[in-house]
Structures are given as C-alpha cells and as structure tokens.
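The structure under discussion is supplied below as structure tokens; questions concerning it will follow.
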Amino acid sequence: MKPETNTPDARAPRGHPRRGPGRVWALVVESLAVVGTLMIGALMVIICADIVFRNLLGASLPLVSELGALVLVMIVYLQLATTIRADRLARTDIFLPLIRQGYPRLGAGIAALFDLVGAVMLGLIAWSSIRILEKDFSSGEFIGVTGIATLPTWPFRVLILLGVAVAAVECILRALENLRNPKTGVDPQ
Amino acid sequence: ETISLTVASSHPTVVPWVGMIQTHFMARTDEILAESGDYKIEWNEAFGGTLYKANATLSSVEEGITDVGWVFSFLEPAQLPLSQVSTNTPFATANPPVLLDVMEQLLESNDAFRAEWEDHNLKVLGLTATDLYDIYTKEPLTGIADIDGMKLSAPGVLGNWLRGTGANAVDGALTTFYTDVQTGVSDGALTLALGAMPIKLYEVAPYINRFDAGAAFSGAIAINADTWDTLPEEVQAAMIAAGKYYTESHGQDMVDRHELMLNLMVQNGAEQDPPVTIVPMPASERQAWVDMLPDLAGEWAASVDALGAPGTEFLGEYMQALRDAGETPARDWDK
Amino acid sequence: MSPVEIGTYGIIALILLIYIGMPIGVGMLLVSFTGVAMIRSEGVATRMIGAVANDSLREYLFAVVPLFVLMGLLVTVSGVGKDTFDVFERLLKRVTAGLGIATVFANAVFASITGISIASATVFSRVAVPEMTRHGYRKQFAAGVVAGSSVLGMMIPPSLLMIVYAVLAEESVGRMFLAGIGPGLVLALMFSATIILLARTRRGFVFDEAGDTATYEHISLGAVLHKSIPILSLMTLVLGGLYGGFFNPTEAGAAGAFGALVIALLRKSLGSGVLWRLLVETGQITVSVLILIMAATFFSRMLALSGVPRELAEFFLSGPVGPMGFLVLYLLIIIALGCLIDSISIMLIMLPIALPVAEAAGFDLIWFGVLTVVSVEIGLLTPPFGLSVYTIKSAMDDPDLRVGDIFVGALPFVVAMLVTLALIIAVPSIATWLPRL
C-alpha cells in the first residue's frame, strides 16, 4: 500500500480462488506480473552489461537508454493489476476503515465507487493507448538510430495496453466483490 | 473578437528558438492583427515542458493537447523520415539561413515532404535549425585523427557523425554532457555552441575544436490542423506572415549567436585553468572527417525508400537545392 | 467557470478524495481528467491521459527506482545492517549513551547503501532495539532512536525521495544526492546531541532504573574489519562509481543492486524463493511509486493549463506574504500532510503546485529540494500515520510496545529535525555547498 513499505511480508496478497473463472483470472494477473518481475532482473543485467562494455571496451552498447526507458514503462503496467490486487496503491488509511467498521454497507459502497473510478481512469488510458499503438504500428515507430541499431516500439505498446486493460478489469472485479460482501470485501485488509 | 490559443514547448524559453516564439512569432502575429483590430489572440503559454516533454512534441500538436507548439523533428525519425535529411548529410552546409531557405522551398515543392508533416494533422508555420557543431575536449586536438579511440558524448542520431572516425559515441543529451565529461564517462562532446554555453561545458572541456561541422534542420513551429481550420482567414494570413518572419529572424540569429556564444565562452573561461581556447580547424581537417564517414546518406535514403517514402529522390533534391543556393557541400552525398 | 477556478476546485477536490481514502494516484487522474475536460475538451483530456500514461514514465532515469529498491531489499536480508551496528557499538562503547549514538551512526552509514528509509527502520528495530534494552535503555526510547535515525536513509545518498524531487524539479540527480550529505550529517549530529542531552538531563526517559550492567560482547579488531568490508565495498561501488565517473545514476542503481546480490549470495541469504519474493516486492513498490509519478505528471499538466501556479506565484510573491512567508507556509503544509500521507505522495501532490512559485521566487531549487525532503521525512515520525513507527512496530512484533509509545519515543527526534530544518533555512550552504562545488 505505502510505497516505502518494504518488508516482504508486509501485506498478504488476496487469496487465490481454487477453481472456476476466478482461478483463470488470477492466473492472467499473475502471469503478467511474472513477466514484469523477470523484466526487473533483465533491466539490471542490460544496464550492468552496458557499464562493463563502456568501461572495459570503451564503447556504449546501442539502444540501452531508450530500451531501458521502454522496459521500465512495461514493468510498471504489467505489474499494475497485481499491485492493485494486493492493495498496494498509496492511499490514506484513516477515514475509510472507520466507516467500514461502523457502517459496513456505506463503507463497501465507497470502496466500490473508488474501484470503479479506478476502472474508468484505467479504461480511458487503455482506450487512448489503442490509438497510440495503431499509430506506432502503422508508421513503423522505432527507437535507436538508423544505421546503428533500431527496434520497433509496437510490441512494447501491446504489452503496455494489455497491462492497463487487465488492471482496469481487476478494478471492476474488486468493486463487484466489495458490493457482494460488504462485511469482508477486499478492502482494506 | 478574442481567440484563445494554447502555445507550448518541451524546452524552456531560454532556448533561443523557443524564446523567439514569444518575441517574434507571437509578437508579430499580434502586431499584424492589431493593424485592423478585428481579432485579438489571447495566448495561453505553457513553455518549458509543462504540458509535454521532448519525447512527445509531435503528437502533442497532432492531438491538440496544445494548439501551437515547436515540433522537434530530431526525435521523430519514424514519423518524419524525410525531415532527417540534414542530420544524415553531415557538413553539407554550415549556413543556417540557407538551410532554412532550402527546407522552406522543399516544403512547397516536394509533396512527400509536406505530406509527412500535414499527415500528422498539423500546419507548419515556421522552421528551425541548429547552429554549427564543434568538438569540445579536455585536451586540444591537432586534427580529426586525434579523436580515434576517444569517447565522445553525442545526442542519439549524431552518433552517426562519429562512425568511421575511431571515436566511440557515448549517448547523451545536453543535460548529461557536463557530468559525463567531468566524471570521465566521456572525453568530450560533439555539440553546438548554443547548447554548450548555458550548460558551462567549457568548464570541463575547455578546448573548443572549431570544425564548423555544419548545421541541421531541427523542426518547426506548427499549429494543430483542426484549430487552424477554425481560424478566420485574416488570422491565418497573419500567422503565415509571422511564421515566415520567425524563420528568417531565427536563421540570422543562429549565425550571430554562434559567434556570440563562442566569444562568451572564451571570455567566461579566461580565468580558469586551462583557459577556454578555440582551436581553429583548417578546412582540410573538416574534409578529412567527412571523407572518413561511411555513406550515411545512402544508407539513410535506402531505409526511407524501404518505408515507402521517396528518400533517394528527396536526398537528390535537397543537395541540388543547396548547390543552387550557392553552397559547396563538403561531400556530395547524392553522388 | 474560469480555468483558474477549475484548477482551484480541482486541488480542493483532490485533498477531500485523498482524505476519504481514494488511492492517491486514482484521485489525481480523476481530478486532472475532469479539469482538462472542462478547460479544453473531453477529447483533449482523453488523448492527454493516454499520452501521459505512455510517455511520462519513459525516462531512462526512472529505471533507478526498481534498482535502488531492489538493492535496499537485498542488503536488508543479507545482514549488512547488523554488521554495521556491531562495528559502531564496538567503537562507541565508552561514550555516554554510546549505544544510542552507535544506532544513529550505523543508520547514517547504512543509509549510504539503501535508498529507502523503511529498510533502515526494519533492520535496526531488529538489531539495535534488543541490544539497547539489554543495556538498560527503555524500549520506548530505543524504538524512538531507531525511528528517528531511519530518516537518514532518505537524506544520505542514494535516496528515492531525492530522485523523485530531481525528476520533478529537473535538477541533476547527482547534485541532489550530494546536497543530502551535509544535511544528513548535521541531522546525525543533532540526533546524537539530543541523545546525550536526554541521557544527562532526563535519565528516566532514556534508561530503566536498573542501569547498564550487561557486558558487551567482545569483538576483535579483525572482526570489525571483516564486518566493515561488505558495506564499504557497496559504498565504494555506488558512490565511488557515481562520482568517480564510471556510472550515471541509473547505472549506479544497477551496479548497486548487482553488488548487493553478490553479497547476499556470498552470505547465503537467498534460500528458497527469497530472491523471487524480493523481486516481486520490488515490483510492487516500483509500481506504486511510478503510478504516482505518472498521475502527478497529469495533475501538473492540468494545473499548467489552468494557470493556477501562475496566480499562486503572483499572490505569494507580490502580495504581503513574500517569498519567505511562502516557504514557511509550504513547509508547514508538508509537515501537516505528513501526519496523514506517505512521503512520496506528499511530494507528488505539493511539488506541481509549489515548484513554479519557488522558481519565480528565485529560490535555489537544490536548497528548496533539501528543505522539502527534510520536512517530508518528519511525517515518518508523526501520528496518526507515521510510516517509520508502523514499520518498527510490525518488524518488532512485541505486544509490550504500543504504537503510541514509539511515537512518544520519537518525539525528541521530531524536534531535532525541526531545529535542523531551521538551520538549513538560515544557512543554505549546508545543503548547497557540496553540489555547487
């Protein structure tokens, strides 16, 4: 929840449903997160390789800074859904928990409303990103320098769009769960 | 009648061609409109990256996030392929006003070049160019052969200008050059006097090896086409005139300012140890440099041709237009 | 409504939504989208939210966020913090309240290899508090010392907060890092002075009645050296590489993470899935920070369109308030927000509004950034929401130690931070001397 909370066991992630559509969805969210997590390791390796090349062999590896930037954006959106699922987005924890204790239905309603706003905002981002993806694809947008090394940007855009869309759906599911089980809900933990 | 327009840029107004959007383009537009007094523009200014950063100058005007903005074509090689002609023909001209004239002329005569801008839902009003590139180093150079084995900071696409010289390009931007050179990430930088002066690059790289390595076309002031279509004809005419005035003033400004900045750096760095020194490079060294380069223009034109745009044809027109304007390119890239 | 009114109502709405408990990033997106839709049009707002989401995070510099976080997590699991504490305990065992001071300086040194305050709080609550209690310190005070000195983690480079500030203010990260060193050392000295002062004048607050009878474990000089090696090599790698010209900040993060990985592997701290868990944790922290940065970018663009920052600058700088009045008000608001919200969120809410004013006031933005970070960090120690205090509580898991006790124990350090803040305002060169060298 708080960006600085870093004890690995600080928050229990939401439970995994054992079967049914819930299980499949959890798998989708988790697989995206796994790709994102692997990318963090990859990012470290790419940058370290560049350091070694430049300091030992005197030459920069091509594409590193542009690729690093794009990979980072990918990491963020691929892990967005799982971060939302683990309720780790920064927020104040003072007022809403009190409402939920005193007035569970009202509290669940507010929590669901917040989830829906999140879904709408992420939905708008996804909608708007489709156009960006289309343009990058049709114009052959690339990073790098012609003649040295280039890489098309559209595959990255696809993953970004996918991550945002899955995160938007995750928000909707959270809202539904809050409305269905006002007492337990998903929020706060 | 008052028309409200947003004008924006990724760079701050201390950058001369951004500042001149205020002092020349906007001021002249206002001046022309004031003559009849029918229309008045209320400018909502968002300079200096408050609305978008350098990585989105084209799309922000295209999408109407701003009405008017400076589009940095250097960073849009995929969207504006033909506009990259000057960075891929190093040292073809060292005369910014002529370069701008030629680009202005091609924008009218070459349909593909104009279309690559207009297809992005914008109308070009004025053009911009860089001043001249030199090599800033910690130790003086005696000739271009000295950079063999050196690490030189250069922004993205200009890394190409070091191919074949034996120097290694360290990717960077104006914001990173100072620390990169200071800390030894690089031994110097390939950059412009206009960029080097404000970042005080001379403090860490006091030798300015003056190659006058040519100017490059850097972009345009453009207005979103949807906005453009809603403007009354009188306003459109005023903006077109103001844009022409801007381009012309900016071209001359680049020539004057290049000298001014070089002198200023020598002046500011006179007391430091070692003092800032301009190392003039004979034309033969510039020629040696350009002759070392691989066929950058040919490679580039072929890659643009492959995208379906007339790269080779445009390269020929560009070089011919320079020669027609009285320039003697250091290398005939089209031949 | 005029754009300025729209922007103003936007700020008010955002504060309300955050207070009720809407995720801060979502709140900023909502307010900004609505604001732009009203000022320009829905179409522009939709395109802008897409552009912000796709472009604003696309900076090589942001790769430092996961890398420094990963490094902090790795050194936390590999026991480097305990070694650092042992070394300082040995060095300071003859000094009044030496263990308290050892905790402060061990934190200062540990700070130079981690970019997040909470790493320090986690490590030292498990290492320093038991040892201090064993030597007759009151548990409440011991926890307060750990909470207080954990803020050094963000002052002394590397620092996630300094990176975030550098990004928003377009200052060099390297310089912001250097700017934190002076204030960080001043803060460490202030904390030590506070501890000595309390030990001399208010013994009951510091020590239990029994007094210190426990013996110190004997650590040989060789062991001291041995324990210093990992942290010294990481420091040399990260800061030496950064200022010695081998790395830019992003690369320093990558090299630091890699170095920490090597240390963790050598110490066999990464058994059964620990590395994967740390990577997952790194990912979630990264997402929550960067999503905030993305949303704050949209918020500041909406504000730029609304003209609110311009009006604010005019109000503060040409009116009776003046630049100094603005600065004091700004710092007070930050400290007040610190009672409710976490550090990075505060910076991302406040800086889009305040930076244009600070710039117009002609402030040195490096100095302004240091003041911002110090006052933001005060929030780690103030109730009801004090992240350092909560971290210590959950890391110690001791039913005898209530959250309220830790807040009381940390109070003297809040005062020390306020004094330091005043000192940096009065003597800006504490912050600016090193980076402007």
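Here are some notes:
First chain written, first letter: the chains are A, B and C, and each begins at residue 1.
The criterion applied here is as follows: contacts are C-beta pairs under 8 Å (C-beta built on N, C-alpha and C of every residue); 3 or more make two chains touch, one makes a residue touch a chain.
Since the model is a prediction, treat every value here as computed from it, not as a measurement.
The touch graph of the protein chains shown is complete. Among the chain pairings, A-C comes first (most C-beta pairs in contact).
Computed from the mean C-alpha positions, the centre of chain B lies at a distance of 40 Å from the centre of chain C.
With centres defined as mean CA coordinates, chain B is found 37 Å away from chain A.
Between chain A and chain C the centroid-to-centroid distance comes to 24 Å (mean Cα coordinates, whole Å). In chain C, the positions touching at least two other chains are 47, 51, 58, 246-247.
Shown for chain B are the residues that touch two or more other chains, namely 59, 185. Residue positions 65, 132 of chain A each touch two or more of the other chains. Against chain A, the residues of chain C that register as touching in their complex are 18-26, 29-30, 33, 46-47, 49-51, 53-54, 57-60, 62-63, 65-67, 69-70, 72-73, 76, 116-119, 122, 160, 246-247, 250-251, 253-255, 257-258, 274, 276-292, 294, 340-345, 384-385, 387, 391, 394-395. Against chain B, the residues of chain C that register as touching in their complex are 40, 43-44, 47-48, 51, 55-56, 58, 170, 172, 174, 243-248, 300-301, 304-305, 307.
Those residues of chain A lying in contact with chain B across their complex are 54, 58-60, 64-65, 132, 135, 139-142, 145-148.
Residue ranges on chain B touching chain A, taken from their complex, read 59, 77-79, 84, 88, 149, 151, 156-157, 159-160, 163, 168-171, 185, 296, 299-300, 303, 307. Residue ranges of chain B in contact with chain C, taken from their complex: 6, 44, 46, 49-53, 55-56, 59-60, 63-65, 175-176, 179-180, 182-185.
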